[in-house]
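First the structure, then my questions, so here it is.
Note that the chains take the letters A, B, C and D in the order they are written out, and that residue 1 is the start of every chain.
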Amino acid sequence: MYRPSSDMLLLAILRCLALIAVAIVLLIVVFLLIESLPAVRSVGMLRFFGDASWHPAGGAEAGRFNLTPMLIGTVAAAAGAVLLAVPLGMGSALFCRFYAPRRIGGVYRRLVELLAGIPSVVYGFWGLMVLAPLIRQWQPPGQSLLAGILILTIMILPTVALLSESSLRSVPRSYLDGASALGLSRWSTIRGVALPAAWGGIFTAVLLATGRAIGETMAVLMVAGNVVQTPASIFEPVRTLTANIALELGYAMEHHRSALFVSGLVLMVMIVVIVSLASWINRGRVHV
Amino acid sequence: MTRSNLQITTPSDVSAGEVARAVTGASAEDAAKAEHLGVAASDRAPCCMDREPVVCTEHLTVQYGGQTAMRDVTMPIYRGCITGIVGPSGCGKSTFLNCLNRMTDMTEGCRVSGRVLIDGGDINHGTVNLLALRRRVGMIFQKPNPFPLSIRKNLTFPLKEHGVRSGSQRESLMTTALQQVGLWEEVKDRLDAPALGLSGGQQQRLCLARALVLEPDVVLLDEPCSALDPIASGVVEDLIDSLRGRYTVIIVTHNLAHARRLADDVAVFWLEEGAGTVIERGPAEQVFTAPRHPATAAYVEGRRG
Amino acid sequence: MRVIRSMLGLALLLNLLVIAACGDGATGGEGEVQGRLIVTGSSTVAPLVGEIARRFEQKHPGVRIDVQAGGSSQAVADVQRGTAGLGMISRSLAESERHLDATTIARDGIVLIVHRDNPIDALSDEQVVDIFTGRVRNWKDAGGDDGRITVVNKADGRATLAIFLDHYELQSRDIKPGVVIGDNQQGIRTVAGDPHAISYVSIGTATFEASRGTAIRMPRIDGQEPTLEAVHRGEYALARPLNLITHGSRSALAEAFIAFASSPEVHDLVEAQYFVPAVE
Amino acid sequence: MSDVKSSQPAWMSNRHFDWPDRLATVLVWLVAISIVAIFVWIVGDLVRHGVPHLSVSFLFEAPRDAGRAGGVGPILVSTGLILGVCLAVSIPVGVGTAMLLAEFTRRGGGFGLLVRRSLDVLAGVPSIVFGLFGNALFVIYLGMGFSILAGGLTLACMVLPILIRSTEEGFRAVPDDYRRAAAALGLTRSAALWQILLPAATPGLIVGLVLGIGRALAETAALLFTSGYVDRMPESVLDSGRALSIHIYDLAMNVPGGDGNAYASALVLIVLLLAINGLTFWLADRWLGRRITPQ
């Protein structure tokens, strides 16, 4: 096929620009690897999961490098938040789509969009000023896994709600008409027809929200207490992998710094798994 | 078919006097016609001969956001008969159908005035259990719309929601319904396959089975064959024909040949002053062979519409 | 192949950016110093150096000094990498850091802080160790009111933590914290917000905050009054020097600033921040 | 009327009570009400504590006494500069990539797939990992130090997926007729792109931009270790500059008595974001006739 030279030039330029996105991903991985290499080499990958504790300041010899409590903290906080946010977010989506009178539904949706736009540092600030003291009155010290879960729930709820709603919105009208013509109640229609039809989109929403919960830093850093431990109850403080990096990177040197990049690598792996899962579920669609 | 019979089944004299008159008037007229056409009609469906109105509309008017779409339709529909609703597109045929099971509720800004009486009860009355009403009045849409579930679940799920607790009972009802629409042999080995994998004609028959499994009295069909190829369309048509007598069938179609083959009664909708209304109704033979309204005559002869 | 080539292109582009970026670095003029100096490091020292820098800039209009609080370890890392011209550390140089040059600009001590409403007036060394290692979990057992103790500890890598551990001959892992924080200020903030919390911070910071009405108190430790006078007299056990550090040869600007920061010209600033001026 | 009742069909009485349906309705309304309540609680709290500290001078003054007093003038400037760097880099890259994805790659093509997968991953990378990356690459390896430049570049990597996705949708929304008409006129594809498709896809680009700006404004973790937190008026993009979100973080966590100004700064940030959010949906409704869902 004939192609004018200006087209070839344009295509070449666009390809280069598009490769930047690929290059950034590669660079992220490469830099995480390069920076974590010293620790992996002299500490060994096993010690990141088998050491007695996390006290990395002592260097490769005296230091301890166990990331497991923070991994558990991350998973516990994210899982708790997802468990709470999914029913709430779906409820919110159902409200918008099926229950709210039209005008209220529109206003409500705008409100959820605003919630989605509030920065995490503001949520964290609110959690620090309001939520943690509330929990402290009940179960000290207040800054705890529970506070982290609640703040994360509020943060990922709009994601679940908005994505589920757009998924419900794409359920063909004919299914809903068919269900009402059969005399099915609103709830039966939702449970039996709308939710099964929207399942793929909702599941993707949940995965993306999980990714967000795992990756969230500031809000958790501000309310979760940041003690490196495997929490025995939700009232105990925890530190997540992300909070660990934010808390210690500025002060970290050599192996300590390197160990933080290892935790970054662990985070990255978790996210890639989730993103792949999401795009695998969505392989029919263009975008996740 | 007697007058006293009618007296019992029509609603209270107080509120539905006019309907009673309309019904009586129509039925007297129809009775004459029925006698006139006697043999043919009774061959097709003896049940239809009772001329007992099940559904009556009374000055039914529908507005969408202030725009009148259908005006002043007063019409009885008889038990066990197949009533064809014909007319050019956009003259309120589907709107009329949607009034009969209150699907109009689903449309934003839709206002219905006048009354729809089914078995003498006003379906727009405040205490109506809408779900029970819609179970009683089944509906089939223009485009087949099976749920994105398995074939089995498409039938058992509505049953379950309507309180059929026993699984085995649901299974047997499902089997019967599928046999009734002639789908059983085709799908019995893949009941758990997705319903959306069926062909268009099969999907439409599944939808019919889904409606019939709830044992409705009235079945509303909104151009059920228009989205199907001729062969599938023929199968569905035969199926509808077989419903005569057992169900009261109201079918919207713009296919006149179709209406002529199927319907016992026909109502012709026409656009008058920007809104659809009934310009002629009566036994199919009469409407098609001896139309009284000039527009009907032009329409059935294919000159207009 | 195409991928590699465009990655090279990207790298080249970024390098060009950096070369452009490095163009207007600090330049030392004759006589009058000018240019830009980046100072990073200890959050304890940062407010003081910030004040000194402001005064220094007033005297030398061509100079801009950016002070950034991170931590003592960051100071060491930054001056070694050259990301900062000057580092601030709130401790002496460690054995492994002897290749750096340090100049003491002030002295400071570390105190325990509790909430203002906490009646505890004094703690013995044993009690401090017991509380921080989790052997004592209720204020009742340390002579206070009933209430679960919230131990507020510093994250690994903080100089204050190192000095605290050193003094009590503890290992970082022995401490059983209820909350882990980063900066001094964060410690003060956490304690001021929790009636049952205890932490340790710089005397200077704590005294400064207490004087502005923040809800904290400083109990005596093992009979020692936690005051600046005690640090001044050299009697306070948990004392430490605040140093400015450099790596390799100092620029004229850095030299001038260090000289200024350790001169009596800034003693009023040191005292205003509740530190003890370095003895000449 | 009594005879109406006696002859009434079964479906006329609404005595049947559908428990699951009622329960679901109550629950769904409860969820919606509690979400509204949480929103009102959070925003109300911010407004109640923030407004007393807010004034016109707050927006222009420099922070004093570690931010307890004074305003956020230099911080707004730094935030603006970081955003500027971020957009200056991400717009050309984003538009180019979107153009390639929408106009030059087949859906299932290998190259397009590679780019798309990369963007998916990039969209999921936690901001703190961007912080690590930016710190290692821009701050240290490329020697930019803690600077507005380093922060802006890090943010550019972050907003790239949002920008590309939205711009690509913009291109896809352009009817195929335009392309065919251009081809029929014998235009080169580049000419068609510049003259016809790009203007037609601008709404998508603008919506993406506004979403990206929203994300960048809200970001904290990626900037902590890249742009630093010097709260003075920056003189060039090579100076360290404190973004508004970092200012809130610092006041909230590290400055006893900084609550008041933290509330006020949070309020300023929220108002900025609301303005941008409102703009997004106004633009989307107006130009695209559809709604864009932020993630």
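As a working rule, contacts are C-beta pairs under 8 Å (C-beta built on N, C-alpha and C of every residue); 3 or more make two chains touch, one makes a residue touch a chain.
Fair warning: this is a prediction, and the values are worked out from it, not measured in the lab.
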Most widely separated chain from chain B, with each centre as the mean of CA atoms: C
Chain pair that, of all pairs, has the most C-beta pairs in contact: A-D
Centre distance in Å when chain C and chain D are each reduced to the mean of their C-alpha atoms: 36
Separation of mean Cα positions, chain C and chain B [Å, integer]: 84
Chain A-chain D separation of Cα centroids, rounded to whole Å: 16
Separation of mean Cα positions, chain B and chain A [Å, integer]: 52
Touching two or more other chains - residues of chain A: 15-16, 19-20, 22, 185, 188, 250
For chain B, residues contacting two or more additional chains: 131-133, 135-136
Interface hub residues of chain C, defined as touching at least two other chains: 182
All chain pairs that touch each other: A-B, A-C, A-D, B-D, C-D
Sites on chain D touched by chain B in the complex: 1, 3-4, 7-16, 18
Chain A to chain D touching residues, read off their complex: 4, 6-7, 9-11, 13-22, 24-25, 27-28, 31-32, 34-35, 87-88, 91-92, 94-95, 98-100, 108, 110-126, 128-130, 154, 157, 159, 161-163, 166, 185-188, 190, 208, 211, 214-218, 222, 242, 245-246, 249-250, 260-261, 264, 267-268, 271-272, 274-275, 278-279, 286-288
Touch list for chain B against partner chain A, complex: 101, 103, 106, 108, 130-136, 138-139, 141, 143, 145-149, 153, 157-158, 161-162, 207, 210-211, 214, 220
Touching residues on chain A, where the partner in the complex is chain C: 15-16, 19-20, 22-23, 26, 52-58, 64, 133, 136, 140-143, 225-228, 237, 239, 247-248, 250-253, 256-257
Complex interface listing, chain B residues touching chain D: 11-12, 14-15, 118-121, 125, 127-129, 131-133, 135-136
